[in-house]
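Next, two complexes with chain A in common: one pairs it with chain B, the other with chain C.
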Partner chain A sequence: MSTLLQVLVSGVLVGGLYGVISSGLSLSFGITRIVNFAHADFVTIGMYLSVVAVSALGSFGLFLTPVFGLAIGLLGVLVYLLLLRRTAVGATTEDEAHLPQIVITAALGIFIQSLLLAVFTSTDRSVNTVLDGAWRVGGLSLSKAQVVAFVIAAVAFAVLDLVVNRTEFGRGLRAVVDDADAAAMVGVNRRRVFSISIGIGVSLAGLAGGLLATYQTVNPTTGFGYLALAFVTVVLGGLGSIRGAFIAGMVIGVVQQATATYVALDLQNQAVWIGFLVVLLVRPLGLFGKRVMT
Partner chain B sequence: MNLVRSAPGRPALIALAVLLVGWSLPFWLIQTQFILVVAISAAVWAIAAQGWNIAGGYGGLLSFGHSVYFGIGAYTTALLTIHFGLTPWVGMLVGALAAAIAGAITTFPALRLKGTYFTLATFVLTLLFADFATHFRDFTGGDVGLSIPFLRDAPEMFQFDSALTLYYVVVAILAVVTLIVGLLAASRLGLFLRASRDDPDAARAAGVDVTRVRLVGLSLSAAVTGVAGGVMLQSLRAIDPVTGFGANTAFVIALVALTGGRGTVVGPIVGAAVLIPVQQILSAQLSSAPPGLSGMAYAVVVAAVMLVERRGLVFLIARLARAVTAAVQARRPHRPGGSPAGGGDATRAATVPAQEIPEQQRSGS
Partner chain C sequence: MPTPAPKRRAPRRVPRSSRGATHPRRLAWLAVVGSGALLLSACGGVANQSASAGANSGDCGDEIVIGAPYPLSGPLAEFGTNSLQGMRVAADEVNASGGIASLGGAKLKVVQEDTSSSDVAQAKSAATKSIKSDHAVALVGAWFSNLTTTVSTVAQEARVPLVTQAWADSLSQRKYEYYFQPPPKSSQIGGAATSDVLAAARAAGHKFTRIAAVGPNDTANTQQITTAIQAFKAAGVTAKDPEFYQPGIADATPIVNRIVEQNPDLVLMSGPPADVTLIIKGLRARGLHAPILGFGGAFVAPSLGKTLGDDVNGLMAVGAWNDDLPLDGVAQASAAYKKQFNAPFMPMEAGESWVNVHLIAEAMNQAKTCDPDKIASQLHSMHVTSGPAAAMPGGEVSFDQDGTNPHAVPVLTQWTDGVPKTVWPQKYATVQLTLGAR
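Our next item is the complex of A and B:
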């Protein structure tokens, strides 16, 4: 029983970060329909910035994590404006418009991984902070870093949810998700909405990376490992549904922990992949989602 | 443009050109053993990308998981050699068949899922295969993978006296594959594939059985990529989950075809000839370049091609050729040796209408 409880708690704690990474991707994907194959590499950038900050400033470096998140978000806006915006021009079909964007984001991901390899080498890096160790609550062991990261992730998600559902800007975002053409007709500035949504999405990835670095070693391809998880989470959560993505993130965290504990450690992702493929085929709308099939 | 649009009869010429140019390279371009190894690898990836091209280029099924078929081809060939001593010449065909069956199975999601969702599903599928290949180590050798016995000079077992002979053989296979893809593209099936890519509903209305066309297209596509996996196994004499099914393999296959020019017979070859040398000559493992440089250069080339001409290098070359021809023609009737500015204007005037065609078709997407 206590094993089960531990599995649930650890799964939710880790899954909270998947949730933040994925709700960011879900927001930018739902709005721009760009499948960002570099999304998870921004997680890696966040992790390395955290490592650098903590090596320079000790545990105080962790306070810079939100700043790094914002900086990474600006980088995302630049990527959209410089690399992705123009390629949709002149496309005859929607697939046609998104293909160059998929290719460019895949290339961008390779570029980021290679740049990090050149700067930091392939050695695993980790940090020592005040968050090392665990709290013992009842029979449970709660990693301090995971708890703190989860709390910050939940706050970040709450802010995102408020912005999307309670502000005028968020109304524009939701309008674009529902019907981009109609939204443009009633005066939503599409280019601004697109670049800001990519910026927010990528900055959440960077923030999650900064938090992840407190309990996870990092090398240039660490983030890439989260890419497929983020895709799975976004689709399961339903296209463009950030709440769905956040909840699906925690579900996936629990599934991973349960598989790793009860089945085999190296199969923890397989359960997720198989679940994803089955859901995609049986219910291509995602668990809470909209129509994605032809 | 002649390179881009294929008509019956032309595929044979293109395949012959691939064979002759490929075979001539060691006499004037490939001067060191290292470059020869790079060239073999480029030819293998060109075969894999030709396979991708059938489904991804002509059929519009944008898979980011063709490594599934690549890995199945490689593992099948290896297992048959190791357990039954079967020659890879036959093993590769069995591997291609196994890959084709996998391709036929993936037709199911291909029919149900719209563009980007198919891309995501195939990407996740290849990670699943990589995990399986790692997990069932009794069968697949786990992380380390499988290696086949090293026989020095055994053509009947697809092993040759030198890398040079291997290169000639791989180029010959590439030429055959190119011929097959070219004939396919010019056939009714090729037409139906393009029709169901451009507008599945219109194709159905015109009597095309989209389901069957995609089933056959994806199976053939998988079979060709499976052959590439078998050839890769023979050139490395080993295969492991990352090389076979890894995300990097998935990316390379798709990016080579997309950068070269999808939906064209020579696109995947041009893509491999440009990208693979960029990636491997600068690689830190293979030469003394600093780590990371090769990946950065490779990514920059891919992104630059997409930004300049998103249909790929073949179309970029065709565009440049048209611009040059137009400049030469514009110069002749007027002032011989006229000012460069005059020539430049004429070039622009001649190329702009050609570029505007896609602009006018632009939809609200």
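Our next item is the complex of A and C:
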């Protein structure tokens, strides 16, 4: 029983970070329809910034993690304005814009990895902070770093959810998702909405990276490992549904932990893929996706 | 019997184009390109003949190139770079003492080529470039067994000796006559894990009762861990089946769960540095402070000391070399390495490649040649018992028909105050094994 509880708790803690990475991707894709293949590389940037900060300032460096998230978000806005804006605006159809977007974001991902390789080399790095170790709660062992990372990730997600669903700006975002042309006619600045949504999405990836660095090693390709997982999570949660992505992230975390603990260690990712295919067969729009009437 | 080097094949006849008659202008271009290619190949032929003639006549010039095909990019770059640095220390020592005396004081030059960490095609190109373009008379490389398989095949075909620090049994089983392996084989290392640890533990008044084991699910690691577990079981220690995982883990919690459930008093482990770091941190966070015995270069890598911090102390590893060995030249080489590369210690792979360069230099000096074929013959016939060329654990180096060194013995190290220290065999130990809680 205690093992089962440990599996569930660990799965939720780990999956919370998957959820934040994926909800950022889901938000930016849902609004801009840009498939960002460099999304996970912004996770890596966040991890390295965290490593640098902790190396310089010790555990106090962790307080800079939200600042790094915002800075990476600004970088995301720049990427949109300089590289992606024209592909989205100039294309006559959505499909026409996808090819250059995929090529540009994939190339950007490779560029980020190469840059990090040149600066930090391929050696794995990690940090030692006050968050090392675990709290014992009953028979459970809770990694301090994972608990703190989950709490911060959950707060970040709650703020995002609040902004999207309860503010005037969020209404504008949702209006663009529903009908971009109609939203433009009532005064919503589509270009601004696009750049901000990319910025928020990338910012969440950077924040998640900064938090991940407290309990995971990092090398220039670490973030790339999360790319497939993020896309699976986004589709599983329902394309464009940020709540769905967050919940799906935790579901995937639990599936991984349960498979690795009760079936076989080396089958944990295979179980995710099998579960993904089963869900798509039963619910093609994902767990929380809604059919749009046209 | 050593496997003879394959004979060169006759050039293949180029099939005639099936696309019909060739346009006269295209034909002219083909003629120009073909002539150019012939000219270039003729130049290469002349150059090769010249180098070969020089080597045979004993005139090796002022500089002799030793090729270093190593993984210098990708996840294994740390090990490739360390190995290369070890070679440079050895070359500097040889050159500072006047070069190869019997060859008129010719100096050694180490020329690196990047094999990448996983691309065997690039490994083949790197080894070929070392031999054909850099004109290396011998190779030292390529650390990782998969890459070494490719590099050794290229070396065998080109009749150039490869002195390696790779361990996999499969490498020496091919009985290549241009393959030389001073460190022990994988199977020796795996066997030593049991005997050395049990002996060292007995000497420290400790007895193991339950062990758990975990490692990546690739063939080499699976074999090594399984062999060690079987040996421990034969010695009366209780053990469940090993846990194998897909390398490149993002979260170690399930692995940690499985090991903690077994409540072991010794954990056997292998894997890449990143995975090992996560698992060890996870085990310590869960309050499991049982000693850990690691296999492979990752467990004595300087980066492991950095990423694990204090958790690295107490970690044991079975390996092939350590920089505190009381053997000829080791202390000086270690001091030079630490100073030159600002490193906390000279890692195992650097020490192995340092010995390998000295072996090649010794062979050239004894045979008075820089001809690759004759260097290989000399390596097969010589028996070194002193000096840096003999500074492998065991204290002697000679080579059997399969290219392995019958005198090589593994060493057991334990991280103490942030650096690996030798704890077994007793004659090499610089600290005593500690198995209590840390």
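Here is the rule we go by: the second predicted complex is superposed on the first by the 284 of 294 C-alpha atoms of A that agree within 3 Å, B and C clash if a C-alpha of one lies under 4 Å from a C-alpha of the other, contacts with A are read in each partner's own complex, and residues count from 1 in each chain.
Here, a residue touches a chain if its C-beta (ideal position, glycine included) is under 8 Å from a C-beta of that chain, and two chains touch if they have at least 3 such contacts.
This one's a predicted model, so the numbers in the text were calculated from it and none came from an experiment.
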May I ask you to name which of chain B and chain C touches more residues of chain A? B
A:V232 in the overlay: touching chain B, chain C, both, or neither? Say first, second, both or neither. first
Once the structures are superposed on A, label A:A153 by its partner contacts, choosing first (chain B), second (chain C), both or neither. neither
Touching A:A205, do we find chain B (first), chain C (second), both, or neither? neither
Taking the superposition as given, does A:A107 touch the first partner, chain B, the second, chain C, both, or neither? first
Based on the superposed arrangement, let me know which partner A:T121 touches: chain B (first), chain C (second), both, or neither? both
By the touch definition at the top of the document, which applies to A:D266: first (chain B), second (chain C), both, or neither? both
Check: chain A residues flagged as touching chain B and also chain C 117, 121-122, 266, 269
Per the contact definition, I'd like the list of chain A residues that touch chain C in the complex. 3, 6-7, 10, 14, 117, 121-126, 128, 132-134, 136, 141, 143-144, 215-217, 219, 225-226, 256-257, 259-261, 265-266, 268-269
Chain B - residues contacting chain A, complex: 60, 62, 64, 108-109, 111-117, 119-121, 123-125, 127-128, 131-132, 134-135, 198, 200, 247, 251, 254-255, 258-259, 290-296, 298-300, 302-303, 306-307, 310, 358-359, 361-365
Note which residues of chain A are touching chain B in the complex, please. 33, 35, 83, 86-95, 97-100, 102-104, 106-108, 110-111, 113-119, 121-122, 181, 220, 224, 228, 231-232, 235, 264, 266-267, 269-270, 273-274, 276-277, 280-281, 284, 292-294
Residues of chain C that touch chain A when the two form their complex: 73-75, 77-78, 117, 217, 243-246, 248, 250-251, 253-255, 257-258, 261, 273-274, 277-278, 281-282, 284-287, 303, 306-307, 309-310
